[in-house]
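Each chain gets a letter, A, B, C and D, in the order it is written, and its residues are counted from 1.
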Amino acid sequence: MNIFEKFMKLDRRWVYLLLITVCVLTYVADFDVPILVEKEVKVIYDRIESLEEGSVVLIAIDYDPNSLAELHPMTYAIVEHCWRKKIRTIFTSLSQNGPGMCDQAIRDITDSLSLDREYNGVTYKGREIVNGVDYCFLGFKPYYAIVILGMGQAFKLPFPADYYGTPLDSIPMMQDIINYDQVDLVVDISGGNITDAWISYGQGRFGFPLALGLTGVMTAQYYPFLGSGQVIGIMGGLLGAAQYEQLADNPGRAKDGMRVQLAAHLVIILFIVMGNVGYFASRKRLKKEGRA
Amino acid sequence: MRRQIPFALVFIFGFFMIFQFFVPHETSEFFYEFLLDWIIVIGIFALALGIWSLFKVSVEKIKLGKEGAQYSYVTLVGLFLMMAFGFTQKTGEGWGLYFLWIVLCGACIVALMRLRASASAGSKRMWGMMALGLLIGAVLVAIFDDAWAFYFYTQEGLSNSMFRDFFDYIMMPILATMFALLAFYIASAAYRAFRARNLLASLLLLAALLVMSRFNPFLPGAEYVAKASNWLMNVPNMAAQRAIVIGIGLGIVGTALKVILGIERGYMGKG
Amino acid sequence: MEFTQFLWMTFGVFVTLCIMSFLYKDNPFYKFAEHLVVGVSAGYFVVILWHTGLVPKLFQRLADGDWYYGFLNSSNLEYLIPAILGCLMWTRFSKDYSWLSRWPMALYIGISAGLAVPLEMSNRVNKQLQAMMVKIDWANFFGHDGFDLLDITNGLSQLLILVGALAAIIYFFFSKEHKGAFGHVATLGIWVLMIGFGASFGFTVMARISLFINRLQDTFAWGHQSFDTSNEHYSIFFPIVFWGLVLFVTGYIAYEIVTHLRKKATTS
Amino acid sequence: MKYKILIVGMVLLFGLSSVWAQSEPEESDSVVIDSAELFPAPVSDIKLSDKPNDHGHAVVVTWEPSADDGGGKNNVVQYEIYWSTSFDGPFDTAGVVPSGTREFEHVGSKDPDDPKYIPDNTDLFYQIDVVTADPLIRTTSGTEGPVQCSGQWYNTGRTPVLIAVLIFGLLTAVFVTSARKGRKLYVRPIGGIEAVDDAIGRATEMGRPILYVLGLGSAADVATIASFTILGRVAKRVAEYQTELIVPTYDPIVMSVAQEVVKSAYYDAGRPEDYKEDIVHFVTQSQFAYVAAVNGTMLRELPATNVYMGKFFAESLLLAETGSLAGSIQISGTDEIAQIPFFIVACDYTLIGEELYAASAYLGREPKLLGSLKAQDWAKAAVVILAIIGLIAANLGWDSFTNLFQVVD
């Protein structure tokens, strides 16, 4: 039995040991792995990157804690990207259990913005993010289709006051923002069918550029909208989130997860390849012996 | 007669349920919900049979002195403690003699197991007396201790802190880890079975490899791999699923019809 | 975090490791965790089914009446029927009357079989059949922007899904030999099935690895908690428990290695 | 002169204010209310009907949209639908729909104590408000009615299903009768089924038990019912060969039925004395605890053969990998599509999807059961042909054909 054939008959416990070791090491170690970026995600990043200081992005955080693991990293990456570029953001949260989680996320990112950071070679000074100047969190209202339509007339119709109870009229940032006409991009991050309403009632009626962040299982069914141009880009699941983090040079939870995923997948692929090398090697030898 | 009645019941209720599907009227809906309740209630009553079976098999292991029989105590004590927690809750601040009661109950279960497992009349009597004594003790504690009470009709027991801790720190970690073992099993299964033995095995292998490499940035042409894996998931996989779903649908309908019409009686041991 | 809760958490980590040790081999720790979880989960389901099934579906419905000279004076007496059927299940405890338990079992199977017939026909056959009758996107047959065969929304992909599904259905024909043209189509069908299965297998790996990452997170959270001096209940016992478990686990691993090597030495 | 200036001034002011109001209506609430021109046109042509194919307690309201919805002043945001049991009110909110909608299904509860209860066979009246961005600026339609709702005795939306069930039932009956009459039917071999007999023989030779897992389905799943039949065949062989059988179960009803099945199999094989109640035993109703126990059993009892038939979920691979570690021959069959790949990879033989349902007929080689397989094949042929015709029809725009298969819930 030569070395190749040993590959084939390895005790499976070696597979387990190697896999555990690799997972734990990559989980603990803090290094960066490149993430393959797909076109659908890059479009979203490029769009935000091309916006000028003071532009407005509406970020619809339409998921609840159930799909937090997949979608939260997207929110973190996109919001941080916007704020570093001094783009103003409006948040809505049209999923019933979303607002509390959304508020927490906003505060987390605000903290992170107070530090100096370097992204893609550009140093951004830490700054204080001010509610009402840099962002406005509108909160939750039932009947999402009607809310989305209402915001097309004016934000203050469905939301006379923001999540914290401040009337929209007295929020400095909202003085020059009336409806979608002043919004440069809408990003809907969603784990359910609110996305459909954003596409048909929002984009369909008011024609703003719309980007989607979706859970992994939902992604395939929204590809047709990419083809038809109703949606500019799609981020799918943890993979999509990691791609955005990669583009924004802001490694977060998604990239942490993907680091382990990539290593684990490589280990499994390695074993499959080893097994097949061994298989062909032994078959070759058997053939030879058969002839001899 | 005894053999025929069950098949008649299957026939009557089976046909009723088929036709119910096409009748939206409230009366039909009432019977639909009513019959579904039957199924649920019958299932819960049957659980007693299951618990009895678990008890019997565990005791049998001790009786036969099988290897690892001592673990049966862990199973049954865990079972009865969990049930005890689920139906009790403290009434005030303190727990009183609750933990004494728990210990008495646990000991009583062990004594009962020994009683059933013992072969000689002498040890039977001894364990019997012990079980009875512990039971009387437990009942007395339950009667005279006011710090906690039984709740069968309302759900106080579900918020019992012991019940919660057993669930959060025993059940959940074990179940979640059992599930997580899949990460390793999927790897070893792939290693062991993905060999290009023939054309079909190679197709399986290649499709799996391609999809597993979908976010691997080190591959040449990585972008196309990602795209191709997306295509595999949404075109051939979709086609396979659709075919299987339709086949399964017909298989289910065919089998269910055979059962209702009494052509297939294997489920009652007559095939 | 209080110390008792930390102890519970430690126990959770301990049973996690017990289960993980099954990857090496069956051992007393796995047996312990396995038997414990069987008992605890069975008890848990008894409690849950009692509270969420029996109480609302039976007791609360009969609760509007009183026991009246041994008769239950309730307006929902029909709900006694499932209770009686349930009791018939218990005749299995007796040898002579256990044939009665076939009645509720027959009812159970009859109701579920009847339920399945139209429902499965509708959901799995009719709706899937209609889903196959698609309008093919002839204008973008080879891709939306230029030639792109891997575009999953182009007309070709739509057509391939349909052809693949039909070929796979043909593979499942029982009463016809896979010969001639029919055999070729069936072969195409099994190819489609195998590619689909392979893709689905490969796709699932990620979700399974995530499960293990979650377990790692929990374990690391426990490690962090052991040395978290900002915890107001923190005491020296936290790290003592931590190191105790670590020592125990490493000790056991060392023991296993030594016995393994010894066995190897004696056999060779 | 003074009056003239005043009037001109007022007209100017009014005009200005209305222009201003139109450009930025949200900043001049008080002015807007005065300006009657801003009120949208009411909806017209309200039609009320009982919702078809339901249990009652629901009304369908349709209308022609306001002239200012999508045209005209284009200021309609939503329609609010109100209902009442009397013409004069008081009216309650039935629902709100966005502009552009022309239909609303007012579905109520059937429970009289529910606040959303809608009585059957009672006169009901409806009104529709056209609402603009400012909720105060709205136009109410006239009251429409009466309409009565009631439950139906036949759901016409499900006719395609009824036809399919009837045709399929008929096919089954025809083929079963013809098979009973002795017509020979060919069935192609299926690897996994042929393997069952060999596997039992192997277990006997090795003197090791056979593990039969019925899966996580309840007895209400048809996959489990099919598995019972297969269990019966296996148990009979096992009894004849005097091999040991282990059947751990997940559901108490499944356990009871399986006990009956195995018991009769032992009686049929002429070995009632070998039957023990504990062959089929209950473990627990928790998915992974059950798997933990069965995995333990596999490594301790080292069964020669593991058979997995029925409904399986994530545990499929946990079971099958442990079984292969224990060196058992493994045969599996499930109708859970997501789990089939794992069984294929980890087991020696796998029954894919519907092959599980065919297995019981195969194992018995009983003509009447084989007859039903023939019916399934005919149904599959019909599906293939209809799908091809449907594809052509859909692409030629013959929607009336594809609509024949539309099932409305």
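Keep this in mind: contacts are C-beta pairs under 8 Å (C-beta built on N, C-alpha and C of every residue); 3 or more make two chains touch, one makes a residue touch a chain.
Bear in mind that the values here come from a model prediction, so they are computed numbers and not experimental data.
Should one ask which of B-D and A-C has more C-beta pairs in contact, the pair is B-D.
On a Cα centroid basis, the chain most remote from chain D in this structure is A.
Each chain gets a centre from the mean of its Cα atoms; for chain B and chain D, those two points are 23 Å apart. Note: centroid distance chain A to chain C, computed from Cα atoms, is 28 Å.
Chain C and chain D have Cα centroids separated by 19 Å. Note on chain placement: the centre of chain A and the centre of chain B lie 36 Å apart, centres being C-alpha means. Those residues of chain B in touch with two or more other chains are numbered 18, 21-22, 39, 42-43, 46-51, 54, 68, 171, 174-176, 178-179, 181-184, 186-188, 190, 192, 194, 204-205, 208-209, 212, 227, 230, 233-234, 241, 244-248, 250, 252-253, 255-257, 259, 267-268.
Residue positions of chain C touching 2 or more other chains, listed in rising order: 19, 22-23, 31, 33-35, 37-42, 44-45, 89, 92, 102, 105, 108-109, 111-113, 115-118, 120-122, 125, 129, 132, 152, 162, 165-166, 169, 172, 193, 197-198, 200-201, 204-205, 209, 212. Each of the following residues of chain D touches two or more other chains: 158, 161-162, 165, 168, 218, 220, 222, 225, 253, 256-257, 260, 283-286, 288-289, 292, 300, 340-342, 344-345, 352-354, 358, 373, 376, 379-380, 383. Arrangement of the chains shown, judged by which pairs touch: all-to-all, with no pair of chains left without contact. Residue ranges of chain A in contact with chain C, taken from their complex: 13, 16, 20, 23-24, 27, 220, 223-224, 227, 238, 257, 260-261, 264-265, 268. Residue ranges on chain A touching chain D, taken from their complex, read 12, 143, 145-146, 149-150, 153-154, 156-157, 178, 201, 205.
The touching residues of chain C, counted against chain B in their complex, run 8-9, 11-13, 15-16, 18-20, 22-23, 31-51, 53-55, 57-59, 78-79, 81-83, 85-87, 89-90, 92-93, 99, 102-125, 128-129, 131-132, 150, 152, 157, 160-169, 171-172, 189-205, 208-209, 211-212, 214-215, 218. Listed in rising order, the residues of chain C touching chain A in the complex are 23-24, 140, 144, 151-153, 205-206, 209-210, 212-213, 216, 220.
Chain D makes touch with chain B in their complex at residues 53-56, 110, 151-155, 158, 161-162, 165, 168-169, 172-173, 176, 218, 220, 222-223, 225-226, 228-230, 232-233, 249, 251-253, 255-257, 260-265, 267-268, 277-278, 281-289, 291-292, 300, 314, 317-318, 320-322, 324, 335, 337, 340-342, 344-346, 352-354, 356-358, 360, 364, 366, 368-369, 372-373, 375-376, 379-380, 383.
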